[in-house]
Each structure stands twice: as structure tokens, then as C-alpha cells.
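Here it is: the structure, laid out below.
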Amino acid sequence: MDKLLMLRLELAALQDRYISVLDNDRLEEWPTLFVEDCLYEIIPKENYDRGLPAPVIHCDNRRMMEDRVLSLRNANIFAEHTYRHMVSGLELLDVTDGAAGMTSNYLVISTNNEGTSTIYQAGRYIDRVVLTPDGWRYKSKRVVYDTLRVATLLATPI
Amino acid sequence: MDKLLMLRLELAALQDRYISVLDNDRLEEWPTLFVEDCLYEIIPKENYDRGLPAPVIHCDNRRMMEDRVLSLRNANIFAEHTYRHMVSGLELLDVTDGAAGMTSNYLVISTNNEGTSTIYQAGRYIDRVVLTPDGWRYKSKRVVYDTLRVATLLATPI
Amino acid sequence: MDKLLMLRLELAALQDRYISVLDNDRLEEWPTLFVEDCLYEIIPKENYDRGLPAPVIHCDNRRMMEDRVLSLRNANIFAEHTYRHMVSGLELLDVTDGAAGMTSNYLVISTNNEGTSTIYQAGRYIDRVVLTPDGWRYKSKRVVYDTLRVATLLATPI
Amino acid sequence: MPDLIETAPHIAGAAPDAVFFPRSDGSRVPYAVFSSQEIYDLEQERIFRGPTWSFLGLEAEIPEPGDFKSTYIGDTPVVMTRAADGELAAWVNRCAHRGAVVCRRKYGNATAHTCVYHQWAYDPKGNLTSVPFRRGQKDKPGMPPDFDLASNGLRQLRVESYRGLVFATFSDSVGPVAEYLGAEMGPYVDRIFHKPVVYLGCTRQFAKSNWKLYFENVKDPYHASLLHLFHTTFNIFRAGMEANVIPDATHGLHSIILAAKNNEQTSDAYKEQKIRSFDENFSLKDPSILEIRQEYAELTTNHIQSIFPQLVIQQIHNTLVARQVLPKGPDSFELVFHFFGYADDDEEMRAMRIKQANLVGPAGYISMEDTEATELVQRGTIRDAALSSVIDMGLSAADRRDTLITETLIRKFWIGYQTLMRL
Amino acid sequence: MPDLIETAPHIAGAAPDAVFFPRSDGSRVPYAVFSSQEIYDLEQERIFRGPTWSFLGLEAEIPEPGDFKSTYIGDTPVVMTRAADGELAAWVNRCAHRGAVVCRRKYGNATAHTCVYHQWAYDPKGNLTSVPFRRGQKDKPGMPPDFDLASNGLRQLRVESYRGLVFATFSDSVGPVAEYLGAEMGPYVDRIFHKPVVYLGCTRQFAKSNWKLYFENVKDPYHASLLHLFHTTFNIFRAGMEANVIPDATHGLHSIILAAKNNEQTSDAYKEQKIRSFDENFSLKDPSILEIRQEYAELTTNHIQSIFPQLVIQQIHNTLVARQVLPKGPDSFELVFHFFGYADDDEEMRAMRIKQANLVGPAGYISMEDTEATELVQRGTIRDAALSSVIDMGLSAADRRDTLITETLIRKFWIGYQTLMRL
Amino acid sequence: MPDLIETAPHIAGAAPDAVFFPRSDGSRVPYAVFSSQEIYDLEQERIFRGPTWSFLGLEAEIPEPGDFKSTYIGDTPVVMTRAADGELAAWVNRCAHRGAVVCRRKYGNATAHTCVYHQWAYDPKGNLTSVPFRRGQKDKPGMPPDFDLASNGLRQLRVESYRGLVFATFSDSVGPVAEYLGAEMGPYVDRIFHKPVVYLGCTRQFAKSNWKLYFENVKDPYHASLLHLFHTTFNIFRAGMEANVIPDATHGLHSIILAAKNNEQTSDAYKEQKIRSFDENFSLKDPSILEIRQEYAELTTNHIQSIFPQLVIQQIHNTLVARQVLPKGPDSFELVFHFFGYADDDEEMRAMRIKQANLVGPAGYISMEDTEATELVQRGTIRDAALSSVIDMGLSAADRRDTLITETLIRKFWIGYQTLMRL
């Protein structure tokens, strides 16, 4: 049967696990979905479109991602909140053996501890994934967000 | 090919059908997606997290679900509205022959009869499904919602 | 393996590509997802439910869709914005060889150039697709929207 | 006088000092009128509950006895109904008991309207017909003995249909609709509503701007070819068309703009103006959207007629719309496009009206820019309530009716507005 | 007097002229009280910070020393705590330094509450215990030498527990809770809280209507069988039940409605009224939801007791709830359902309480309509602040306590409200 | 005087009585200033349109002739441009015709700015250059003969670039920027802008709190090590660092905080304070984020300089930012971080600046808490407009500039604010 469709299914599963990890308080698992030598970046669409580099978060290896988790757990102060990610519109961009590029839409709904839910951020994931012994992992994940005005602050990764 | 991926596809189809039934005014079909001896519960995340039992809806068998539909159709008074569910982030938790646990994110957008759409509720489905002669059915579905402040009231199930 | 599940996967891929084309500024590609002799219509749920024909957009062939793109690119004035579509709840309605009907939920989040994201529209796609040498294409796509009050205007197709 | 009774005291008589019109000819409008809450509240009293007729909908929307539709006059919820005897009625959608909205649906058919809270029931004309336990139960008392159903009905409004257009008013003093329309406007309303119509459904736009900016817009032929580039990009419409621009003579609040095809020289006219919108390179792959079948004496492509304060009648090519303008606060309004055709349309004509719906409404090729423009004005003026717009186009020949290059209708509108608002 | 100090000057004394009660018997209420911001601000001062006791929660929510819960009195953020010595305390959640919210969690356990901004630390009673660098660092100065921790604590409130219900007040003058409840209400509170309770969790509703519309609702037995059709559709409850409807004698702001089963003739009574809600055809497939196990002297199906301004005690069948009413502006309020059971419940009884939770709360079979109704009133009355409701049911026998067909409790409520608000 | 002309009358002169400063030393600030709409409107007039210079952006954002950027002064939309002759200009983004926003894009390049509504065209300096059909068409009249392009331009503002920082003002009276910065601030601005910079993009935060709470925050070295626990958790920064805390001498509205590394004894200092934030157990797996390459005479880790009312210049390690503070109503503001580097950065330095962007901005390790804190104050104080904060740290030695344990800059700020606002 169609290998591309199967690949699609596998990568959709990766995306689903990715957001489930972030939304269900399993932050420590988040870096494990990346290879050691990776890029994770959150950047506003206005910079991305103009070719300007200023990011909101920029990790050029997995250790920096682990540091981010450590800091969120132990140092930074932010209001309790719950994210719900929705992903849709997955497109495979270029597929080679054991590697692929893909893009998808995302939406993050955030709920504060009063229990009010708001649109926190909408945007686009631009990913490169590679096949590892543990399955598909992110080589790079660029989070390009449309919602230029970040509400209050950004603590939990997108 | 990967049986887990196929199972994923089948359960995604079940989830999709579940929300389509609720969003397109086929309420009577809703209980038929459960086995007779089932649990359907809507509970706020604050209670779920603290291990407190107070629910918004609690049906411990399918007849109670049918009663809920009967009451919504014939007794209860609430404003006309249309739901649109989005589900994402499906994760299989434990899989055995003919049974599985899974979790996923959901978002419900509700539109009133003036035609204004708002975030009605975001949260998480925690499901157990079993394989029946009619296909996969819910043995239990716990709807754990983040949006603690229920807007006005909750009539149509989530 | 289950042909229906595979078909489901193929059509989900079509839906994903459809929204990716609209959300990532590839408007010229939009008509190519339809066959020449097609129907594309955006209609409010209140008219659809009452059997009234008044549409917001009504194209009864692909050339009209190409004209729409031409006008959006060269004639019409509207505020810069970015859409993010989410689709969910895909149900296959009737399947024959090389043709199928399907329905799904959609949600469109729109972000203005100040960087504020809002719910622009929620609704339902009612589609007919046919298998062509280029793969699955839309024979008809009816966009039935719940969000009766269109915010400001509707420029980019849904 | 009902009008006063219905008015909140903290509003009554309060003439906001924030507003000053520097000239008497309507050519300078203080931006405060687009953003002041006080002005807005005063409009509800003096305009929408004042001596005006507000458009509620088409008779064709409620053809059968019992049919009803929920709508608004200003921002007051109102229901229009057709009673068992076929008569039209309208009432404020607020229960006489404890004030709940009685009719909770947008449209439907009902022989009685029962408030859900305590089931007080009203007939389609708004008369109170029953009160549960009014006489109590057994020995237990109900309503006071002197409680009178007749004097506890819903607030009923004067209603009139003019050729199938349903209007209502809170006022006891305003004359009949025909008189309200006046000698200039009547014939043009008659032109469109000269035979029975059928309702084809509606579409809605919600604009984040003041409702009067939309009235400026539909009284502004000057913008047509400059804002709506579809016209010029695809060679549909020209500022040089034969024009007819007519204000209402009574108070200047109504008006009509008529345009008829006539292409000579106009592209040169545009080139002279060096107008960005001019372009000869584009053409439609499916021009059928621009066909026109003559239905009236004159072959007009555009008939845009505003009937203050809630109606704009439109014929563009063969698409027919009654636009309802509903204010939703100082900074927003809802625009409801009621599409209709004639009862005797043949299939082809009906299909044409649907196809040409692409021209108007929220995604209309030649209308989508209007709400964009009104919002740009709202945002541009909000912080500067004391500044004024400059409305001088065609000022030196204010009475010419044969040019689209004029703001004369807008000036007339503001003069009428000041009178009605006592500003 | 703390009350005054805590009050914004632009509010103090301002008696909005927008509000006029045309009658002294509480039977005509100007709709302005449901939408005026001035009235709302005045309520915060004269009611929620006035001589009243506001319900904060159940002792069972904070059983251990250090336990706390964040809540509100009116719209002022307040934290209730249990100190190390087991005593209850409550304080305004606003740091004495530069005003930050100190406690950022909804509930938890803490021996100290430290403001995140500069880490000023308070004990559970609200006393300031430490200020970083208060004495500076080395030779560098800190706070002024005369800075006194004791006089810079959080705003502490009077707190009292009445049988496990925690109340607090800004007022120094109001008497103890038992006195505040009064002779009529006390016994009924005791009835429910006659033995230790356990907290089962809460659910929340956010209603887009004024908080007082909810008080009208819980003082309105007239609506019960007319709005909540589940009752009649499934034969659960009847207007003809044995009723007990008792206002508070001190100020009329509290009240209780008791109903006990009694089916005779009542379906006929309904037929006489031609009430839409009557229907004999439906029955539940799982009626277990409607069982009732007798727990009190009288077999009441409904005990609805409102303790002004923030509490409604409810027993419906075997489900027990303390409802907290929290205003969130003139046009919205939050309703928090605190579910509880008794410490000595057996498993079956506990399961029954959970199952019967289906009857109440946001999706409650016999309660979901209440917020729908209050919102219908909000929308129906917003534009007509000067008009009044008609609250006449049972007016001719205002003192009868044995009928559910009455609005007497609502009238008493408004009389008490006017007094307290000095309107 | 333009300032007055531009002002809405219902604001002019209105000194809200809600606001009273109980002390003259700036140590007691009534919370009303953070939530009053009247105060906010007055600020737009007396501060943002008063004798101040507002930061619009960096010259590096608009290097080429025709380049423009849309931004704000206070909440008035303003566009900054570079004209054909290379000169900088700025104008209010409101069409002279009927008030539409003229420039609809955030940035771009244009030789003319044409309003979409009727295509009135302006040059980059804001001069009106053409009006379609100004002279009418054939025999049909256009604008009045005396209509003068020159007097119908956009509202043009005074603009000045100070070392690449673009400032604009509505005021005719305020002196040049160098003078406005004053003798204390100038050298520190020069320090950062001593050579050409390149723009690296911006990130934005939207905070639900009053804009002045952010000014308090950047003038508050006391909070740095107490709120931002990243410092102490990972041993980056200490309250014991060598500090330089300098207010502006003219009006006290500007200020700078400088900190330089110096680790001795300070962890002991913290232990004495028993400060929660101290922790020796954590270390970064990739500490490269905290490297610092010396670029200036002194090796400062932090340079935080606020230039009232819209700018904060920041150098933290090697990340350079010009923060723009834009009020969006009494209860919210937008914070725009303009990242930049130097034109002569080598690749490694540029990469370092990007990596250190992790320290600041919406997700900044040592800045994300600031908006959280300002929102906590907004929520904590909103209901208590008449109460005041207690700003006493370091009061007894107000002129010491060598300690971070002080609120002296905040006190100076409020004194300057009262003067400017005439409160």
C-alpha cells in the first residue's frame, strides 16, 4: 500500500504525541522527541517573513531544551495555566529515506486558573524529522506564530 | 503493516464519528457509540486533579444517556446553539486484544443564534474502547474539561 | 487491509492540503484542487437549514474560482490577515468507485496585522470528491458556516 | 407618550457637550458622533424611538399566519409577526412580567408566544392571553383581583407594510410610511417593489464601526470607483456613468443613487486623474457574473437607496437586496443583506440573481471594501473626538444631481441628523 | 472605619439618580439595578463591604493547618485560610507593599504566603512577617527605621464559621453570624449542617446577567414547575406540593423554600392552567436518579435557602450543595456549586449523591434553565433601565407561607435591598 | 496650539477628583492612576501629546528612502517614514478627508501613501499631493475653488533622530531630544548607540495592566533578584552587584540602572534574608547562554534605561533591545522588543545576541515575570482606587546611587508624573 500514506500516519502520530506531552504536564518528555543536535525555535511570523532572526525561544541543541524545562520547573514564575494544542493541515514537503520535512497548522487554547479559555496562539510548525532507532524524532522544529502579541508571557513551549 | 497504526486509524474514525454525531444534531445516535454497561462523565479538571468526584454529568449506564437525550429533546430549556468539536493529540495508552485506552485533546466552539462563535470548552477525553460486533465502542468516556467556568449552562453533551 | 480506512487517509490528506494551500498564501493552487466542472459555495447555516439559496460566494465552475483569486490578488481591498484552518470530525457519507461524499467540521482562526487572533468562522464542509488522474479532487464543496455574523468581510476563501 | 416612558432617565434630554458642528452646511462632522456612548444612547431615544420608521424585514419572510421573525429597532429587540387574521404586528421582545426576552427564536411560526420563565402567554399581536395560576390554586391567591390582562401586554408598535417592506415605529406622531418616504423616494421604492417578491435568504456582516459611517458610505458615490477597484480593474463601472443623485427633500436623511452604463471617454477621464485603480489588463474568465437583463424602464446597473434609519434598497445588475442596518453600540453595527427576487422569475433569472450575489454581501466583489473603509475611519478618528471630517466635494454646486463626484448627500444627511438629534 | 478607607472616593455616597422604585412594597423594580455600573459599584461598598456576612466556603475545604482557598467577597479577591493554631482567617488578596495579588493559587497548603514581586511574606492570618532587605545590606539602608511590620499586614477580615460554613465580613458593626442569620433561618441551616460534612468538589457556571437576578430566581417558587419542565415531563415535582415559604424577619434578604411530596389532584390543577409543561407520556429508563433516602425529620424533596449576599444552601433529594454567588460586574456573575456529603455516608449514599448531581449544576436536569432565564431578563431589560418589572403574584396574601405560587420572597428581598443600599 | 486642537473637549482640563497623592515624596501612589479611564485620557493629552518625546523606532528599521513603519504615540496611530530626500518624518495616521487610517501596513516602502477610501494621496512627509476629481470632471465641479492641498495634509509631527533612535512629539514647545534626555541620561544612551546598529526584528507582549506599572518595574532594582529567580537559581546575578542607580535630574521621569558582576559574600547576604529564591543546586547544561563578551568600557551585565514615556533601552549580557511601551487603555499595554546588534558584529557575536534573546522578551528567562507581576498589581488594586502603595525602600538615603535595594527611582517617577499631569 501507499508508503507515503503510512509515513503520513506515523508523522501524525509523532505530532499528536508532541502536543499530548506539552498539554498533559509531561514537560520532561518534551526534549526526548528531538535528536541531541537539533534546533527548536519559536519566532513571530513578522520576523520569519522578513528574514529577521529575533526569536522568542531559540535552542540550538537538546541540552538547551532541558535547561528550559529545568528553569520552568524551578525558577520561573508564571500563572498556572493549561494548554490544549490542536494540529491540522499536515503536509509532507520533501521525503527521503529516513528523513522528511513537513508543515502543519497549530492552535493553542490556554485556560487560566479561573477557568477561562482563550486563544493563546495560532501558527505553523515547520519541521524536519529523522528516523532513529527509537522512531521518528525532530531534527528541527520551527514554530512560526501568527499571534504576534504574546498574551502576558510565554512559559510552556509550543 | 503496523497494526498499531491501523488501530490508531480506526479509533480516530470513532472519535471523528463521535463528534460528528454531536455537532450535526444526531443526538439519538450518541448513546449507540457506547456499550450498555458504560460510564460517561463530564468533570471539571479541578476536581479530577484533586481526586474529588463532583461531576457535571455522570451516567453509569447507557440508559441514563438515553434519558439525557430524551430530556434535552422534550423537557429542558436552553438557547439554540451549534457546536463544532475539534479533536487532536490522540494517544493510545494501553492496547490489548479487543480493548484499548486512549486520550485526546478536544475543543468545542459554540455558536449562538445571533451567529457569534465562542470558545465553549477545551479539555481532554480519557477513553476506554472495546471491540464489539458493530466495531469499536466506548466502554467509558471521561470528559475532563479545563474551562471551569461553564458559559451559562451545559445542554448538549461534549 | 481495510480499503475504507485507506480512503479515509487519502481524503484526510486532501483536506489537509486544501487548508494548507489557503493558509500559506498559495491561493493560485486552490482552484486546482477542483475539477473544471465543479461547485464551490459558501453559505450561512441559517439559509442552508431553511433551504434558501442566498450564498456569500457561489462558483459553479472552476473559472469563477480563478476569477476570484485574480480579483483578490489585483482588485479587492481588505486588511492583511492570516488564516489558520483546523479540520476535524471527517465522516465518509457514501462511497462508490472513484467517488465519495464526506463531511467534516472546520474552524478558521484569523490573525490581523496587529497580531491578534480571533475565531473568524466555524462550520461544516460538505464535499463530493472524485478520483482523477491527478488524484482525488473536489467535484463540489459546500461550506456551511455557523458564524452567521461575518466579521468585517470575507476575502480569502474558506 | 410611550417614547418617553420607554426611555432611561439618565439619557433623557442629555445633550452631550462633546459634540460641536463647526459649520451649518453639514460639511464638517465632529468625530465624536462616531464614538460617544452618550450620543449613541441619545440616538436610541431620538432616532430609533423617535419620529422615524425602522425597516424590520420583508413581508415575504413571514407569509403565513403565525409566522414571526426576531429583529431590532436600534438595539431594542423587536419581533415582527403575522397574526391569525393575516395582519402584521410588531412588539418589543420583553416580557411584561419580569422582563425576560419572550421570543427566543430568530424565525418560526407560532399561534402563541410563551415566555419560558413563568409561561405568561401572548398572542402574535402582543396581547397577554394567559398567566399561569393567575387566580391562584384552590384557596391560595394568585394575581391581585384587579390584575388586567389587557393592560399587561407586550409593548406594541405601529406597523406598516409599504409594498412588502415592513416598517415599525415607537412614535405616535410620525405620519404614515408613504409620507415618511416622501415624494422623491417613493417612486424609486415603487420601481423595485412594483410586483410580488420572494425571499431568498440573508447574509450578515458585523462591522467594528459606527452605524452612521455606513450611511455616509451609501450616500457617497464619490468612493464607488475609487475604493471598489473591481469596477475599474475589470471595466465594469465608471465615474463617468450617467448618474442620478437625489436627496430626500423633507429632512435629507433618505437618498438614492442611480447609475446607468455609458462608457465613452471615461478611461481617459481616469488617466487624467492618475488613479491607481485604473487597469486595462485584467479580464474575467467567466464574465457571466456581469451580465444584465433589463427589468425596469431604465437600464440602471446600480440603484442604491437609503431609507433612514435602518434600510438600504439595492439593485445591482440583477441582484436585489434590502439591507438592514442594526447599530450594536457606538463602535459596531450589523448589516443584514435580505436577498430577494420576483415571484415570477424564470429559472434562468433566479440562477442569475444567485450568481450575482457574488457581487455584494460580505464577500461581494464590489461591496466587501465598504465595511473595511468604515472600520478604517473608526480606528482613525477614535482618539480625536473634537476633530472634524472635510466633506467638500461638489460643494460649489450642491444641487446638481447628474454627477457621482459629489458628497452632497452626505452633507444633507448630517443636517437632517443634527435636527433630529437637536445637536 | 476600614469600610470607608477601603472605598474608592468616586463611589462613596454617590446615590445613582438613575434608579427609582415606583412602589414601596417591592413589587416594582427598575431595570436599572440590573445594568448600572454605578449601582454595581455602590453594591460593592454598601452590601459586600457593608454590614453583611459573605459566604467564603466550607471548613471541609480547608481541614488542615495551612490549608487555604482563594475566593471573593463581591469582586474583591479574598483568601480564606486555616492558621497553624487551627483558627480560621481571611484577608484581602492584595500585597501591602505595591498591591500585587499575593496568593496566586486557588487552593493549597502554605505556612507562609509570599508575594512574588518582592517576597514580602505573610503568615496565614495575614500578618506581615518579613520584608527582604528590610534593614538594607551592609551600610546600605533598607526600609525606614520606623517601618512597622505589624501595621503593614494584609487587610484582615472578621471570620466566623457557623456549623462548618465559613463567613467573612469587612464590617466591624455587624453582629455575629448566628444573629445575622436570624431566628427564622437558623434552624434550617442547622437542619442541613447538623453533622460533619465532607467536600466532594465544585462546579462553576458563568452567567451573563446581574447577580441579583439569581437571587430573584432562588426566591421564586412560582417558576419552579413552569420553567423546569423536567419536573412535570417526568412527574417529579408539582406546584401542588406541600410548601413552606419563609422570609427572613430582620431585613427580608434571606429566605427558605421547602417542598415535600404530595401528588393528589395536581395533574388536574395543571390541566386547568393549560400549562405547556404538563405531559404524561415520558418516563425515565433509569429512574434511580430520582430515588430519595430520608435523611431529615421531614421528607423534603427541595430545600432552597438563600443567605444574602453570597450563599444558597440546597438539598434536592439527596444531593447537597452550598452555592456561592459571585458578582463579576453589572452584567455577569459566577455561580460555584460546592457539593458535599456527610462524613458518615455509607458507600451507597455517597454514590447516590454523585448520581443526583445530574439534577443540579451547569447541566442539572432541574437547574440548567435558571441561568438561561436570568440571561433572558438581562437581555430583555438592558435598554430600558427606567422600566420596572411587575411582581404581583400572591400580593393579596403576602404572608401565606404554604404556597409555591407566590413572589412574596422577591418583594421582601427588594425592600431589604433598598434599605441596605439607601435607594 | 496643536496639542489643544487635537484634544477631545470632554477631556480637556478635566482633573479627575478620584486621584489624591497622600504624600509629596512619591512614596504613596493612589491605585486609581492604574485603572481610571479619565486619568488615562488625560495622560493621552498631557503626556503623550504634551511636552515629551515618544520613541517610534530605530532608524535601522527604515534605512531606505520611502521606507515606513506604522506605530503609535500613546494610542494615537502614527507613521514614521524616510522621505525621498532621506529625511525622517512622522504623521498621525488619519486621512484629512474623512478620517480613515491611511497607511494600512505595519512597514514597507512607498513613494506615496494613498488612502483607500477616495484615494487622496500624501507624500512620505504627510503633505497632500492629489485629490481625485479635485477639479471635477468636464463641467461637473470638484472641490471648492479655494481648496488648498497645502492646508489639508496629514497632522505632521516634530521628529528627531538621536543616534539612530527616532523620537517624535506633538509639542511645539519641548526642547530638542538631547536636552530632553538631559545631562545624566545622554552619556548612557551614547554608550549603547556609539556606533551604527542593525535591526534584528521584534517580539511583542500584550499585558493586561496599566502601562505605568511597567515603568515602575524598570525603575525597580529591588525586584530584580527577588522576582526573577533564574538569576539566583542559576547563580547569574546578585543583589550585591556593583550598582549604579541614577534618576534624571530635570523631572525624574527617565532613569538608568547599571549592574556589574561582583560575587563576594552575596550568597551569604541572601541566606541572611532567608530568601526563597536562593538555591545552589541547579546548573545549566548549556551555560553558553550566559557568556558575556565585553563591548563597553565597564563590564556591565545589565543596562536598563527608561526614557519616558515610550522607551526602555536595555543591554543584558550581549543582547541589545530598545523596548517600546504602548498604552492600550487604562488596563493594558503592548511591549515591543526591538532587537538590534552593531553593524560590525562578527558572526559569532551575532549568534550570541540571538542566543541571549532567550534571556529577554515574552519568554525571557529573566524578564518573563515582569508582565506577570504588573498584572498581579492590576488585579490586586482595581477595586481599591483610593488606597495607595507603600514605596519606602531606601527612603532614608534617597540619593544613594550605589545600591539595588531601593525604590528611589520610582518615587522620583511619581513626582515627575504629578507635575506633568497637574495632579
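When the chains are written out, they are named A, B, C, D, E and F in that same order, and each has its own residue count from 1.
Quick note on the criterion: a residue touches a chain if its C-beta (ideal position, glycine included) is under 8 Å from a C-beta of that chain, and two chains touch if they have at least 3 such contacts.
Values in this document were obtained by computation on a predicted structure and should not be read as measured data.
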Item checked: Given chain B and chain C, the chains that contact each of them -> A, D
Margin query: Using only Cα atoms to place each chain's centre, name the chain farthest from chain B.
Written below: F
Checklist line | Same or different contact residues where chain F meets its copy chain D, judged by the half mark | finding: different
Notebook entry, point to check: Which integer distance in Å separates the CA centroid of chain B from that of chain F?
Noted result: 48
Next item on the list: Express in whole angstrom the distance between the two chain centres, defined as the mean CA positions of chain D and chain E.
Entry: 44
Item checked: Distance between chain centroids, defined by C-alpha means - chain A, chain C (Å) -> 26
Next item on the list: Could you check chain B for residues that touch two or more other chains and list them?
Entry: 1, 9, 44, 46, 77, 79, 86, 88, 107, 115, 119, 148-149
Checklist line | In chain E, residues with contacts to at least two other chains | finding: 104, 106, 116, 204, 227, 369, 372
Note to self: Tell me the shape of the graph of touching chains, choosing from line, ring, star, complete and other.
What the structure shows: other
Next item on the list: For this structure, give each pair of chains that are touching.
Entry: A-B, A-C, A-E, A-F, B-C, B-D, B-E, C-D, C-F, D-E, D-F, E-F
Margin query: Quick check: in the complex, which residue numbers of chain B touch chain E?
Written below: 42, 44, 46-47, 50, 52-61, 63-64, 66-67, 70-71, 74-79, 148-155
Margin query: Residue numbers of chain D touching chain B in their complex, please.
Written below: 104-106, 116, 204
Next item on the list: State the interface residues of chain B toward chain D in the complex, per the touch definition above.
Entry: 77, 79-80, 113, 115
Checklist line | Touch list for chain E against partner chain D, complex | finding: 16-18, 20, 31-32, 216, 222-223, 226-227, 239-240, 269, 273-277, 369, 372-373, 376-377, 379-381, 383-387, 389-397, 400, 402-403, 405
Next item on the list: Mind listing the chain D positions that touch chain E in their complex?
Entry: 5-10, 44, 74-77, 93-102, 104, 114, 116-119, 130, 132-133, 136-138, 140-145, 147, 152
